[in-house]
Every structure is written in C-alpha cells, then in structure tokens.
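In what follows, structures are represented as structure tokens.
Okay, so chain A shows up in both of these, paired with chain B first and chain C after.
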Partner chain A sequence: MKEKKREGVLDILKKVLFVDILKGLSVTLKYNVSRSVTVRYPDEEKWIPYQRFRGAHTLNRDEEGRELCVACELCVKACPTGCITVVPQEDDTGRGIADRVPKIWKVDLVRCLFCGYCEDACPTTAVRLGRDYELACFNRTDAVRDRERLLRPQEVPEGFEGGMVVSARFERTKEGIRVKPDIWKPRDKDWWKKV
Partner chain B sequence: MTTGLVTLKINGREVTVREGTLILDAAKEAGFDIPTFCYQANLSGLGSCRMCLVEIEGQRKLQPSCITPVMPDMNVFTETDTVKMTRSAMLEFLLSNHPLDCPVCDKGGECELQDLVYKHGPRKGRFAEDKVRHHDKDYILSPVIVKNANRCVQCMRCVRVCKEVVGRGVLGAVGRGVHQEETSFLRTRLDCDHCGMCIEVCPVGSFMRLPYRYRARPWDLVSARSVCGYCATGCRLTLERRGDTVVRAIANPEDGFNRKLLCARGRFGYDVMNSEERIKTPLVKERDGSFRPVSWDRALELMKEAILRAGPERAAGVASATLTNEELYLFQKFMRKVVGTANMDSTSRWSAESSLKFMEAAGIRGGGTSVYQCAESDVVVVLGGQLSEENPVTDYILRYINGARRNTLVIASPRGMKLDSSAQLSVRTVPATTGAFIAALLKALVEKKEVSMEGMEAVKGLTVEELSGVCGVNADDIRWIAARLLTAGSVGVLAGTDMLRYDDGAEELALLVRLLENTVRDVRVLPLLDRANQRGAWDMGVHPYLEPGYRPAQRRGHDVHGIVELADSGGLGFLYLLGEDVLGLYPDRAGVERALSRVGFLVVQDSFMTGSAPMANLVLPMAMYGEKHGTMTNQEGRVQRMEAVRRPEGEVRTPLETIGRAGNLIEKDFPVVRPGDVWKEIQKQVPGYGEVRGMEAFKGASADQVAELKPSFSYAVPERAEGEFWLLTGNHLFHGARLSQHSGILRELLGGCVVEIGSTAAQRLGVGEGDMVEVEARGYRERLPVRIREGTPDGVAFMPENFDGKDANRFFDKDRVVSTVRIRPYKKQGE
Partner chain C sequence: MTEAFIEVAIIFVKVVVLGFILFSLPLPLTWLERKIAGHIQVRLGPFRVGPHGVLQPFADMVKMLFKEDVIPEQADRLLFRFAPIVSMVPIFMVFVAIPFGESWTIPYINKEVTLYVADMNVGLLYILAISGVAVYGIILGGWASNSKYALLGGLRSSAQMISYEVALTFACIGVVMLASSLNLIDIVRAQTGGVTNWNVFYLPVGPVWFVIFFIAGLAEINRIPFDLPEDEGTLAAGFHVEYSGIRFAYFMLAEYIAMVSMSVLAVILFFGGWDDPTGLGWLPPIVWFLLKVGFFVYLFMWIRFTLPRYRYDQLMTIGWKILIPLSLLNILVTGWMII
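This part shows the complex of A and B:
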C-alpha cells in the first residue's frame, strides 16, 4: 500500500518537473547544438562521390590535348543497351592520337544503365564514367550528350579522391540550373563519421 | 589429266582424294581445318607463311600442307602438340612486328590474323624488341586503295592475285626479310585496273579501301546478297550499308560463282545508290520547259491519259536490259496486254534481226553454259568486242584458268586488250569483219579436213587469202588456229557484242559451231554481253518479234530502229523509256534527238536525269540494284536472285510497282504485284525457268528456233578514207552503261570521256598518253585526252559510250557499217 502511495508521489513530482518531456527533448536539443548531418545541397554544399563512382560519361584527352578516342566502336559493341553511337572519320591534323577520330560520339543517358562496360572495352581509356550524377532534364533529347559536351573537362578531375562534401554554389544560367562545386573547399572530409 | 585416286590417313581418319590434291584440301575434306595465310584458292602455291605446317609420319620436319600434294598411304597429323606449338610460335613471330593498332584498323573484326591468334595464338608475346616500321602514315596507292605496310604479314597474296588473276602485275615485294614490303614500285600511285582484288585477298589490314576508310566497323553493317548491275558477267556481290548509306560492296568467297573476284565497277560502283543527283520525285514538264514535282497518282494519271490518247499503234516502249527478270516480264506484259502493242525493245543499239541471229548462233535460247567449263576447254576462242573491259571478271577467270591449265587461248578482236598477254595467238580484225574471219576459219578447217555438212558447200568456193585480206588477219594465223581447233578435245567460243552491234558473223559462227560439233563434239558457246540482264530481257520476251520463252510473236512490232523512225515521222503518241537512255546510246544522235522531240508524250523512268530525260513530258524516279528484290540472268544463263539492301528513298519506286499501278489504272484486272508473284508467273510462262530454284541456278532450254541462219559469204572492208579512224564504242573498264558516271568513286578513276588509239597511231599523230586531240566527224568536234592502248592497230579508235555531254554517238552515221572520225592533235594557241 505504502509503496503504491510513494509511486504516486514520484509520478506527480515527475509531471511537475517535466522530466519525461526533457528526456524526449534531450535528443532534439542535443542535435540542436551538435554539428549538422544534413548536406545543404544544392545551395551551399555538394557530395563528391568516390573515384569508383560511375556517373555520366566523359571523353578524355592526353597530356598534349589530343583526343584519346580512336573511334574503334568497341564501346558501342560492348554496350548492353545500345545507348552509344560512334561514327569514325579520318583526320590527321593532330586532333586525336591516331588519324582515326570520332565524327560523332554520343550517349543516350536515358538508356544508359551505368554498367561501365564501355570503360572496360576502351583500348585507350578515352571513355570514362565520371562523377557527374545530376542527370535530370526537362526533355528526353537533352539526355543525349554529344562529343563536344563529353570532351569538356570534368568538374571533378579524374585524380581527385572524392568521398566528401565540398562547398558549392547554386547557379541559374541561361542553359539551366547547375550546382558548381569548389572541390578545394571541403566542408567535411569524413562525412560518414557523423552518421 | 590423270585422275587416279589416292588414299591416305589424316589424324587417323582414312580419306580418298584425287591424285595431286594438296594435303590442305584433303584435310578439309576429312573435316580438319588447317589455318593458312598465304594459301589462296586458284593462286599458285607459295608456302611462305608456315601456318599450315603438319606432321607427316616418316618425315623429320613439319611440312607445309598448302604446297605438299598427297601421296599414297601418307599418315598426316594436323592436331599434334608439335603442330599446335608451331602454329602458336608462327603467330608469335608475326605479332613480333605487327602493330597492335586493331582499334584503328579497318580490318579489325574481320581480320584473319585476329581470328587465328584468337584460336591458335599465344596468349603472351616474348619479344621485347622494337617493331619494324616501314612508314608512319598510311599512304595512298590509287583513288581506291590505301596501304599500310606495317601490318603486312608477307603472304604475297596481293602480288600473286595482281599478276595471275588480274594480269596487271603492278605489285611486288620490295626488300627482304622483315623489311619486305608488298607495294608498288617506289610506293608510287598505281596505274592499274583499280579492281581492289589486292584489298579483297589481304588477310590483314595492309591493303584497304579508300572510300570505306574509317566509315564503319564490320559489325555495324547490314548486308544483302545482290548481283552486280554493270555487265552481264553477273557477279554475285554483297552490298553493305551503315544506316541508310551503302558503304561497300564485297565479294563473298563462299557465295556466287565469282568467289572473291570483282572488278572496279562492281567493287566501287555501289556509290551511285548514295548519289545526290538521283531523281527523287515524279516530275512533269511545264509549258515553259521546266520540271515541276507531282504526286505519283497524278503522274500515273497523266501516263494513262497519254496511253489512251495514243492508242496501241502509236505507242512504244524501250526497257533497259539492266532491270530484273520480273520487271522486264511485267514490262512486256504491260506493253502487250494493256497498251496493246509489240513496239518494244531492250536495247537502243542494235536491230531486232541482228539480235535474233545472235541468239540463235550463241545458243541464248538454250540452257546455261558455265564460264568455267568454257574457259577450261582445250582451245578457247574469243571473238569480237573487248572482253577485258566489257566483262573484266570473265577476263580474270580466263586468265587464271589459262595460267593453271596452259590451254590454247585465241583472241580475234579489233582492239587490243589486256588478255592478249595470256593468249597463245591474238589477232586484230578489221572492225565488223568477224564474219569474214570466221568464214576464213571455216575454209581453213575444210582445207585440212574433208567435211560433208549442210551449208558447207558455199565455203568451198572461198579462199583463205581473200578473206584474210578483208578481215586483216594473216592467212597463216588463220590456218594455225584451224589446226589447233581440229586437234582440240573441247572448244569454248566466247562471242562478243560486236556481232550484235554490226550484225556481223552470227551466221558464220553458227556454222562454225555445227562444224566443230561434228569434229570436236565438245563445243561450248558463251555470249559476252554488256548489259547485266540482256539474256534475261530476251528470255522474258522484251523483243518486238519474240514473246516470253522465245515464242514467235503473233504480231511483230517495231524494234528500236523502227520506233525511232516511227517517232521521226510523227507517228508515235506515247513512248516509255524504262531505264534506257536512247538519246545517249542510239547510233545516230541527231536523228534520235529529232525523233524524240516529235513523240506525243515521252515518259522516262530512270534513277538519274539521263540525256533523254530533259526531253520527256514525264520523268519518273526509279529504284536501282540494291533497292529491289528480283532475279537476273547473266550471260551464262545463270539465274541469280538478288535482295534489297535498303528501301528506296522517299518517292522512289521500283519499276515493278510503277508498271503494276499504271496497268491497274487502265485495266482493272491487271494486278499490282510483288516480285514473288511475278516470279511464279515467269516460272509458269517462260520455258527453262520452271526448274530454277534457290539463290542461283542455271536456266533450262527452250525449244523454239528463233532464226534461220544462212551466211551470204560476201564481205567487204568497211569504208575508211586514208588517215581516218574507225570509231568503236562500248563500256570502259571503269564505267558501265550510263549509270556509272554518277558514281563519285568511279569518276575519280576516269572522270570523263577519252579517246583510245593504238601506239602506232599515236606515234603517227605525235601524241602521248593524256595529250589532247580533236575528234571530228559529221560536223561535230570534241577535244578529248588520248589513251594509248598497246595492240590496237592504226586506224581504230575507241570512245566509251558512258558519258553524258561527250556522247560518242554524235559521230555515228546510222547508214554506215562502221563510222569513221578524223583525229588531230590539238595544240593550244601560241604553241
């Protein structure tokens, strides 16, 4: 009987002092003062994937700026979805490493399943799956990337290690919107530790 | 030849083959595949690549199977460890200098070296030394051939094919050992047939097609088996397209009688299909002379009105002998049943009578004669024409068979030709005197051997000397040929189109064949025709006097000469030119131009704006070879099926569809048909075609005789004033009919008209190769570059009939047997 009475008192005391509420709020309050886990994408931050990541395609050049692609069409042959089109042409002006260069090199990212077989097939390491993962577009034809676009230097260089959040800027230009990362300003090198 | 049989063991399996068979072929028969590089069927054995080494019991060293003939009781092993190791080592040696630039190489994907290394090769190379490099950049050998010597495996196939088959011998091996390079002398541009045989036989990417360079990879291509449309040799070729563009034509060694053989026209003339100059929509002529595009419905309506307005007596049609059997059959059915006329022809160059005689003499209405059987005869006689240029692949076949069998090859023609070098005797006849030449031959035969045969009585009254004076051939040569013919076990006669053109010699040829059949027994006659389906056109009854299957027509119509005369007199209300350029080819240009302008309603259906097309009231676009299904009958009587590689673009339609719809518009029960339906009807209606099955088969014979042949035995030398030239015409080596001038690649080989004369004539005129001369006759003058042809006598000139704007037929006089021209060196002013 007595014990029952004591419990009742404690209960009242807990209620008066908001103990349970504080207990619940403590998690919330703790996160309120701890460092944020959320990536403030796209306005301030952007996740740069690891090197092994397979994003949109990119065509590489050698150190002298010559195109590495020799338009051998092995990537086309290897592609399980048939999303790559290559048409070769002859050009011995020094545009490529051989006198055979692509006249057309395009990839339809809507069809692509990012398996990376094209990379494996490429005898000159011209085609790589880069770290561009922002593939949304308003029009399906916009998802087809042509040679000029693919030859542009990547935002994240091949040698950059990745696996971190860096600061970024959200830009709205005539061509559309994009999130421009600044890879030399890492926000959080070891983001996973926080989770 | 001995045909004893030899029994030997290959890998323990017993196999019996003919004596003299190579181990390689015997192994193939036994079911064992031996890899090779330098071996090529029909070429001389070389045994240089050492890929085909096999082990023979009792011999210490491995032996090359591609040059070792079988021996009785041989015990051959092709799959032992030693053999396998040797193959692998040979490939390692080849790869020690082969640049591994497969991604760039056009051969990648269909390369024999790739295939063999994949199958037999080492997985690792042990050579660390630098590779031998002959040059850094690929160099161009001809407008169609590009060369990379670094990739060469020194199999010498190109050198041998060029010498033994093509007969040019412009390629050779420069240097020795690893520094050996198969190329032209000093790597200069080739002056050759540009046939691309070196490309076709090259096992690696050392010789490549320049027009196909970096256009596609083999696995990109969609292919279809077609038949070449440039001459009546009728080579089987495989057309390949990437997207909608046809990018190459190849000869598949597994397919067709021509195996790997094709000439420049066949291998590089495919790009007419891609030409921008093609007619794309129906065009109707306005009052002011310009053309306006119209719909097919409207065009066919206009055609119907014109046919009904003209009536059967005032209508006519000329169809090209390059169309398919189905189209030609339907054309004649349309003309006979719907239009109601027999005024039709399948040529614009010779008369119906001369074609009747030729058909009878050359056995056209009979069953087929294989070109190989004909070429393998003990004595082969080539009569008239310019075989090497008109039918290049027949020339290749004759050359390599002659080289291997060493049979007697005799040529009698007015112009020099490449095949002369293979011939035991090559004589030059005066143009249009083939008849006199054969008559002299007959007389010489009778002199040597008493023959009592119907029709030979008149020959007895002739003398060889007198006839040799007419045809310009030495009497001793004629007697030599006759002696050879009498001792031969078999004789093959190849009869050229000169006989058709000049209505000359067919009667005598028929008599000669009958005589030889009595003495030699085994006689084969092969017509040499210049239009792809000339034989089919005659079979299908596109002839004013003949219905399908050589049945005599109930009512005879006009041939092309009659049609032109009728038109000239204003008596033609409707003329349908289906793929035939009468204006460009009829042997009297001024006359035919006047005649066409007087036709009530002229319909021209063609792929390009031909010479005749601007004169037409209605121009219709036409699909060409590679864009339609059907069958073609070549000069041998071989019926070959062809497939479309792509659909015709836009408004372009096949003649089959056009004729079907036009016929249906006029007569409701004339069906709009597909090629298969017409083929079934042909099989029922045309004797000789009923048994034809599959992709390729010889047609059978049809019984009706088409002409009575009675030689007149009266001959005269065609008129020619002192210093003038007899002007001959025909196809050029790089051009066929009026179509090939639209092929960009062939135009690079020969861009425009030339005039060809012999070296003695050139010396007399003081001109050299490429110099300009002025050709003049009948008030026309033309400045043309000279080509010198060794072996053509003075007084004979040749102009190809293939070029618009420089038409050879301006110089022709219809009333003369052979027209003459004056040729003067042209000097620029101030020189």
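This part shows the complex of A and C:
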C-alpha cells in the first residue's frame, strides 16, 4: 500500500518536472546531431548488391576472350517465361569455345522474372545474372538486350564482394543517364548498426 | 515641419523593412524545419535544389504560385478568399508593438533610430488582443470551405483558443505585476543586469509562469503537440483542407510568423529581451535578441518532431484543469511575494 502511494507521488513529480518529455527531447537531439543514414543515390552514392544478387543477364567469355556460350538452348528450355531467344550458328574461327556459337542471344527483361534457372541450366556457365539493377527504359523494345550488349564487361566484376555503398557519379550521355559506381571508394553507411 | 516629415519617413521605412523581413522569413524557416525534421529522423532533408537544398523554398514558392487556385463550388466565396488574409494580417500587426532593441545610431549621418515601430504603453495587451484575432482566420477558413473536416478543424481551433488564451494571458500577468507596466520595453528594462534578473529565474514562480506561457503558446500557434485544428490523422488537414496554391501559402506563412512572434514574446517576457547574459558586451544586444529567438524557434521545431499529438479531451483537460487553476494560483503567490 505504502509502495503504491510512493509510486503515485513519484509519478506526479515526473509529470510536473516533464521528465519523460525531456528524455524524449534528449533522444531527438542526439539524432539531430548524429550522421544520417540516407544513401545519396544517384548523385553521390550507390548500393552495390551482394554476389548472390540476380540482376540483368550477362554473357561471359573465358580467359582467352572466347565466348563461353555454345548455343545449346538449355536456357531457353529452362526459362519459365520464355523470354530468352537463342539462334545457333556454326563458326569455327575461334569465336566461341566450340564450333557452335549463338547467332542471336537475346533476353526480354520485361518478361524475365530473374529466377536464375538459365544460369543453373547453363553447362558452360556462360549466362549469369549480374548485378545491374537499373533497368528502366522508355519503351519495351529497349528492354530486350541482345548478345553484343550482354557480352560487354560488367560494371561490377563478378569477384567483387559487394553488399556495400560506394561512391558514384551521375552521368548524362547520349545513350541515356546512368550512375557510374567507383567500387574502390566504399562509403561507411553501416555506422548505425554498430551503435 | 521637416522634422515631423523625417519622423514619418523613418516609421515608413521601418514598417517596409519589417514587412519585407517578415514576408521572407518563412522561406528560411520552412527549409530549416524540413532540415531539422530530416536530421532528427536520421535523414538528410531537402538536398537537391541548391547546396544542401537551400533553394528548396524558392522552388516551393514557384510551385505554389503556379498551382490552380481551387474554390469549392458550395463554399462561401467571399469568406473563403477573406480567411487567409484574416489569419495573416493580425500576425503581422503583432510585430508593430514588438521592440527589437533600444536604439541604433545610423552611421555617417548620426541619426538615432529606435528599434521598434511603436512604443505602446499597452504593448502586451495589444499583442495578446491582436494575436487572439488571428484565430478568426482559421475559424472562417474552416467554416467557409463547406467541408466537414475543415469545419471540425475550425471548431477545434475556437475551443482551443478559448481554453488556452486565458492561461496565456494569466501567465503574462505575473510579468506585468513584476514590471508594473504593460509596456514591453519597460518589461525588458526591468530584467536587465544579468541572468538572475530574468523573469524566468524569478524563483519560485518564474519557471511556472514560463512553462504555462510556453504550453499555452504552443496551443495558441497550433504547433505539435497541440496542432489539433490541422490534425492529418483525424481531419485530413483540418481547416485548410480545401485550400490550395497561394491561399494555402498564406496560411502557412501566418503559421510560421506566429511561431516567430511567440518566440519573440517568450524572449521579451521571460528571457530578458536583448539583455546580455554574459554581461561582457562582446555582442550587440540585437544579436543576443536574435540568438534567443532563434533558440526558441528551434525549440518549437524540436518539440514538433519529438512529441506525438495530444488527444482532444487531453487538450481540454490540460487547459482547464491544470493550466488555468495553476496560473491563478501563481498570480496569487506572485502578488504575495511582491507585497
């Protein structure tokens, strides 16, 4: 009984002296002067996904620069949405690792659901889902990526660990706008996890 | 003849300068409010228009000017147009009586000008009366919109005004008793000479005056935690739900200027106006005044992003059951102390 009464008095004292409100104000002041967690995308920073990320497709080459794709069309068979088109061609000039190379290899990213079955099906690890996630375009035909586009070297090399925010530059070119990351300049955006 | 003309010209110039400053003040204040909101929520706030987003208010102003000015079909057209002006004009009128310092000598021509427009002997009464008129703008705006949300916002505002204006005035009475004057300049002069002479440190009643004044002031200028007339959660946007474009901007302008006027009043009445707390005189008095006002403006924004909104019945309870009896008791104690 006595305890209860004392608690009641304490409660009133707390209200009179605005203890809880002052506590709240101190918390917000602390946040006001702390660093912010905002990633300044696309102006200055960009998120580089982890290696397991499944973004837009890429076609790979081996160390000698030959195309790994043998146009076996297994990816076409594996694709649940039918977004990949492969037309094989015979070529023994050493363009590919075999004499059978793709004449056309294109993927319609509007239809693609990024399940990754194509890279699982691929016997030569030619097709991989890369880490490019900026897929916006003005019309649907632009979303179809052909062989030349997919064979270009990736912006983020496959061996790069990822899972971090790095410095980036916003660029306007004739082809459109893009955010070019500088993967060797990571920005510390994890400070709040350690607090 | 020429001297009288010069006096009139000086007053005219002062009014124009003050009006210009007050009209442009909401621009940095909106930016500041959004920045503070951002940083308290560990964001950055506006960042893209200009360095650190400082040009954002100008972009917003242009947007406001080019927006369609919608007047609802069933609205009272005259009152609907009139209401933003009614809420804005009294707030500007308040500043006529506010002193920003004693006087200032213009260099080169050695002419001494006072840093206030009018030296009223009933300055405080004038300010309280005029700032009470500003609530008409909110009530009229809510009523003329012919919308249930707006009307409810207006009703809440009037109830809030009735319950908090009393407490606000009672909180000021203690200060008036101590300075035995309603003149704001006299009130500031009575507090000169160091921190201990400030009214807020007139123990034991000073802090209580200030707390009552501050809480009632928060309610008076419709800031969180007492911004029930414009409660987004229950009333969409309250009294200005039907307003758009530049008329909405008028309401916002009035709100920001009201916040500044309440900060200025708090500084003049309780924090010694332009009195230098260090007593060293290494900053001109007007700078001290502006620093104190700036602190209060920050405090208002800081509280906004700390506390949640009070419920309507809680608002009434705080007003009638706590603030008004407490302020009456406080007047009694003050009178006893003075005698």
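We take it that the second predicted complex is superposed on the first by the 160 of 195 C-alpha atoms of A that agree within 3 Å, B and C clash if a C-alpha of one lies under 4 Å from a C-alpha of the other, contacts with A are read in each partner's own complex, and residues count from 1 in each chain.
Here is the rule we go by: a residue touches a chain if its C-beta (ideal position, glycine included) is under 8 Å from a C-beta of that chain, and two chains touch if they have at least 3 such contacts.
Note that the structure is a prediction, hence the values are computed from the model and not measured.
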Contacts of A:104 with chain B and chain C, given as first, second, both or neither: neither
Touched partner set for A:113, first chain B, second chain C, both or neither: neither
Which of chain B and chain C A:21 touches, first, second, both or neither: second
Chain B versus chain C as contact partner of A:43, first or second or both or neither: second
Touching partner for A:10 - first (chain B), second (chain C), both, neither: neither
Touched partner set for A:71, first chain B, second chain C, both or neither: first
First (chain B), second (chain C), both or neither touched by A:177: neither
Shared contact residues on chain A - chain B and chain C: none
Complex contacts: residues of chain A adjacent to chain B: 70-74, 76-77, 88-90, 92, 98-100, 123-124
Chain A partner contacts - residues on chain C that touch it in the complex: 36, 38-44, 47-48, 211, 302-303, 305-307
Chain A - residues contacting chain C, complex: 18, 21, 24-25, 27-29, 31-38, 40, 43, 192
Complex interface listing, chain B residues touching chain A: 101-104, 108, 137-138, 213-217, 219-220
